[in-house]
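Below are two complexes that have subunit A in common, paired first with subunit B and then with subunit C.
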Partner chain A sequence: MSSSPPEAAASTGRAALLQAAPLALVLAGFFVLPLLATAVVSFWDYTEYSLVPAVTLRNYREMFEGCLTFGPDWPCTTVRTYLSTLKFCLLVWGFTLVIGFTVAYFLAFHLRSDTTRTALFLLCTAPFLTSNVIRMISWIPLLGREGAVNRSLIALKITDQPLDWLLFSDFSVVLAFVHLYTLFVTVPVFNSLMRIDRRLIEAARDAGASGWQILWHVIIPLARPGIVIGSIFVIVLVMGDFVTIGVMGGQQIASVGKVIQVQMSYLQFPAAAAQAVVLLALVLLIIVALTRAVDIRREL
Partner chain B sequence: MAHRTKGGPGRREFMLGAAAAALAAPAVHAQGAVVLRYVGTAVNQHAGIKDKVKQDLGITIEYVPVTSDDVVRRAVTQPNSFDILDSEYWMLKKIIPSGNLVGMDARRIKLVDEITPVFTKGEIAGRRIGDQGTAPKKVMYLPARDGKTFSATPTQWLTLIPTVYNADTLGIRPDKINRPITSWSELLNPEFKGKASILNIPSIGIMDAAMVVEATGQHKYADKGNMTRAEIDLTMRVLTEAKRAGQFRAFWKDFNESVNLMASGETVIQSMWSPAVTKVRSMGVPCIYQPLKEGYRAWAGGLGIPKTLSGRKLDATYDFINWFLSGWAGAFLNRQGYYAAVLSTAKANMQPYEWDFWMEGKPAAQDIKAPDGTVMEKAGAIRDGGSYEARMGAVACWNAVMDENDYMVRKWNEFIAA
Partner chain C sequence: MPEKRGSAFYALAAFFALFVLFLYGPTLTILVLSFQGPEGGLTFPLQGLSLHWYRVLWEGVGVVDIWAAFRRSLRLSLVVMVLTTVIALAAGYAYRRRFRGQDLLFHLTIASLIVPSIVVSLGIALQFRLIDDGVKALGEALEIGWVAENFATTMGLFTSGLGAHLTWTLPFGLLIMFAVFNRFPGELEEAGRDLGGSPRQVFLHVVLPIIAPSLIGVALFGFTLSWDEIARSSQALGDLNTLPLELQGLTTTVTTPEIYALGTLTTGVSALVIGLAFASFALWRRYRARRA
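Moving on to the complex of A and B:
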């Protein structure tokens, strides 16, 4: 049975659709639908024990209550919470980029042997064999008031009072984040660096460029896709986090995730949904801005 | 991120609401041994009780440990996912209106008349005790089996059969404070700047703060467990000022966090649970569960049954509950510093020296040991706060859900962000 060309085209079209269908269905069922549901519920009303499916702006109004009146209480809770989360984002992003890039650079350019490179790369991933909660919690006995660091500092006579800011502070939160997420920058950057044509570097050197100039004008621009991907990982993870901020901040530092968690625990699902929608919108905006800086799809 | 998606199934099921309830048929009753799914917080899910039930009744208890928030969430959104709900009394104000728990028939509870008057009348040895907040007597009875409101007077239908309850206060490190602590006001005393802690559970944290506000004479609440908006504002302002001044080292949310904060010297004064104090002490660190002149904040838990339960499983659940009140479990819980609902049967299952120590406030005649044999208290020790009557008699308020709960939660988030 032979079919004429238009029929063949139609059947390959159908086949392609069929082939894409399973993934599309899974995504529709487990990603798009819940997301839509969240958006819809964010406009619902609620009581102590039930959802009221009536369209209301209550959740958004309560979320931004006081945000537009610039009185002595400004910034309002929501703005304050986002500012705090964004501050952690920027700090963690900065540190993980510098450290992650340095490690990736060392692995990609300083090591001559592939075996050493693979071995050291695997070594970088070794901490990931334990749970990230455990890696985070293990800082607590180290940094505590009577912890190892404070005891050493006192023994070395560097300080006579234990330093309280080591734990349950902005410092400990950033430290734990950097510790947890640097690898998420290292890996994509390393990948980008390994793809750089070494002859470009030789050419730059032949043309008289210094080491810094090569780094700045050749390597970093070519590593841009890795840097952007790593940045997206780190920013998304920090924006949505509430466990690390909670544990390392002694539950005294606000985060959007924590607000959502508290609301969920009091069955205020619509309020939590509204928070989630705003958070999602903000993170999407950041990702759009980042992908504007580099066309990931083309560069991969 | 993974933690946030955890609520996904619950939320979806929640929205589908009635549809899900109608669709999900009760599990097929397997012949043979009955398995009861027991949802509650891990603190009450003792392997010892489970083993003893299996041995005595042949019923298999399948513990489903969840956080206290999830107990409410499960009860409201997934009434098919359990056969026994181990809930706290304050949660009932959220659960009962959903209609997912039904009243238990008092005629099927053998020792119903023996349940301590703390629950049935709100009194102890004939004396009335504090009933601010969600005192158990307020939510103990339903007007009918499937009632969605509470009955103020005793009826045949009980919401929960009480299992365990206690009076909470502040834990302190006597070795680091070196002076007597007698009032809740010490929690926010600047002397302990950077060394205090409270629970990061809004409805409980705010009541501890209210105890402080009253102790310092700033305000007298009509009901600490049911504040007006103005009272919530005032209480949160006091807390916020303390937080900005650096009073708190950290807030804690689970048992182990509170133990670690205290044992590692991060805090010297904090709200705490009784077994946590015992745990700190058993680590060799001095810690006192300090009775305070303003009284205790009490809580109580009990077992409830979902409306979906019927047939053999329902019978087995009643058997289990009757067994729970019959003494072995009560003695088991009394020995951990909690209190049992039926005291007469618990007493019969305890050694006299144990009863004297835990319930009468007398010095321990010999070493008090945990079930695993480790020494909890040396001979001669006296329980902090003294006897059952002294401790439960001094209850000032009960863990609660306020009418202004939404507002309170928003204010709490504001406080954390401050």
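Moving on to the complex of A and C:
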């Protein structure tokens, strides 16, 4: 061999660095710098048409205006918006967790042939590769005033008036979120379930555990990493959403993401940046609370 | 696991079937309704079957040039697909060895995946606005006439837009590469090296043929995620929108089945790409089997 081991190690280290460089450059240019720009601009002033690079707390002050005085106006707009967004988070998290886990559990433990398992798994994940907006508007013919659900309900004499709350409402927003994001729970939970040593379950059964006991005391604790990863996905996606809440809420329901989008459209960039910083801080807090060290790399 | 199909199996199977219906039912509904007759509306019943709304779509949706958006999206998605595959492959391969900053890069990649898209999009928009201001100031300071007269913005489909899409597709690409390389038989690489193969030869003749099918998967994700991307593009594209953004805008203005025709068409492109991916996967396996 031409090179001695340390030299060879150094040269493969350099090669690896070069191979990782494109990814690092893209993330530096389009992720790290933009976040830094956001943090900086959130402390800038602005006029109707330009940014004023003078350090000010104006954007944060305006954002939390009236939030600290518990008068008759409490909660202030910002707190109300966050509470509304958090409400969607909790609802969607609950539904996607239960549905996503059940589906993953069925796939992992109740199918005998690997081919069937793979086929059904792909069947569940393929919609991820299609457009979210189209999957949202697909609900219109079903949930509208003249939609299939209302017609059926009237035909069955369950109601004599079409139900208004089916579409462009909190209900349709949650439904669409569950529709779109359940697979973000199914996939990581399925992954965790497939790694469980089946002998553990045999052992639990031999020790006299019932089906529910096995589920609760063996399977769910071992599926924890998948559950955590799925939860992070769902919560973060809902926290920052403005598209689903916009389309399915008939552009009438407030969310943090929507506030940012509206401020951007009014060219109030520093105000939008301050909102983004607060949103990001909250999301990071939630993630830290959820993880407490799940090594994502070991889960792949 | 269970030796005999118990009641739990049937209950879960029924639940699963309902879930699949929930997943696909609505999309199939708009597929059917896109063939609505000319008199038909946004909901059932079907007033005859026709290609009327596809014809309307072909002629263009109101003021929006939907076909220009279609072509833009297609171009962007193809570029994102190629870049995602190449960059993710290179980075994934780099992680087979150790390199400086590997933990930082990994955490950045995960962060890029889970930071809310609106925040990333806003950040990119701000960054490019600052760059624009810088270019204008520089042009003024150096009295470059071209900047004063012609320069508008550095934002665009293949600058800020491309970057925004890559922050979304690359994390998926890298995670897939990790999953692939975690299952990769390292002995084969070693054997290649022991037989005197250079790093390049080992990569080209040992590693690449084995992981090629997975690269099809990365490319598939790269294309489809970009093709349907909205949240990260929303603030970061400049003046010209991609197809999903136009579609999102149309949801509030178009009240005819034309939007279902457009939706069916867009889903059709995704389905076609998924089909192509599976076909190439199958072809690849046949090709390998025949050579072996």
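Basically, the second predicted complex is superposed on the first by the 265 of 300 C-alpha atoms of A that agree within 3 Å, B and C clash if a C-alpha of one lies under 4 Å from a C-alpha of the other, contacts with A are read in each partner's own complex, and residues count from 1 in each chain.
Here, a residue touches a chain if its C-beta (ideal position, glycine included) is under 8 Å from a C-beta of that chain, and two chains touch if they have at least 3 such contacts.
All of these numbers come straight from a predicted model, not from anything done at the bench.
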- Clash or fit: what happens to subunit B and subunit C when subunit A is overlaid? clash
- Query: Regarding the shared-chain residue A:V243, is it in contact with subunit B (first), subunit C (second), both, or neither?
  - Reply: both
- Message: By the touch definition at the top of the document, which applies to A:S84: first (subunit B), second (subunit C), both, or neither?
- Response: first
- Message: On the A-aligned overlay, A:C124 touches which partner chain: subunit B = first, subunit C = second, or both, or neither?
- Response: second
- Query: Who contacts more of subunit A, subunit B or subunit C?
  - Reply: C
- For A:G257, is the partner it touches subunit B (first), subunit C (second), both, or none of the two (neither)? both
- Quick one: classify A:I140 as touching subunit B (first), subunit C (second), both or neither. both
- Check whether A:F31 is in contact with subunit B, with subunit C, with both or with neither, and answer first, second, both or neither. second
- For A:Y266, is the partner it touches subunit B (first), subunit C (second), both, or none of the two (neither)? first
- Message: Which partner chains sit in contact with A:F64 here, subunit B, subunit C, both or neither? Use first/second/both/neither.
- Response: neither
- Query: Where does A:D164 make contact in the superposed view: on subunit B (first), on subunit C (second), on both, or on neither?
  - Reply: first
- After fitting the two complexes on their shared chain A, where does subunit B collide with subunit C, if the options are 3-11, 165-173, 381-389 or 399-407? 3-11
- Item | Where subunit A meets both subunit C and subunit B, residue numbers | 34, 37-38, 41, 51, 140-141, 144, 146-147, 236-237, 240-243, 246, 251, 257, 260-261, 264, 269, 272, 276
- Task: Under the touch definition given earlier, write down the residues of subunit A that touch subunit B in their complex.
- Result: 34, 37-38, 41, 48-51, 62, 65, 77, 80-81, 84, 140-141, 144-147, 164, 167-168, 236-237, 240-243, 246, 250-254, 257-269, 272, 276
- Task: Name, in rising order, each residue of subunit B that touches subunit A in their complex.
- Result: 1, 3-4, 7-8, 11-12, 14-15, 17, 67, 69-70, 72-73, 76, 93-95, 97-98, 194, 200, 202, 243, 248-253, 260, 264-266, 401, 405-406, 409-410, 412-414, 416-418
- Interfacial residue positions of subunit C with respect to subunit A in the complex: 1-2, 8-9, 12-13, 15-16, 19-20, 22-27, 29-30, 33, 41-44, 86-88, 90-91, 93-102, 105-106, 108-112, 114-120, 122-127, 129-130, 133, 160, 163-164, 166-167, 170, 174-175, 178-179, 182, 199, 220-221, 224-225, 227-228, 230-231, 234-235, 244, 247-248, 251-252, 259-260, 263, 266-267, 270-271, 273-274
- Task: Could you pull out which subunit A residues touch subunit C in their complex?
- Result: 12-13, 15-20, 22-24, 26-27, 29-35, 37-38, 41, 51, 99, 102-103, 105-107, 109-110, 120, 123-124, 126-127, 129-142, 144, 146-148, 151, 179, 182, 198, 201, 211, 232-233, 236-237, 239-243, 246-247, 251, 257, 260-261, 264, 269, 272-273, 276, 279-280, 283, 287, 296-297, 300
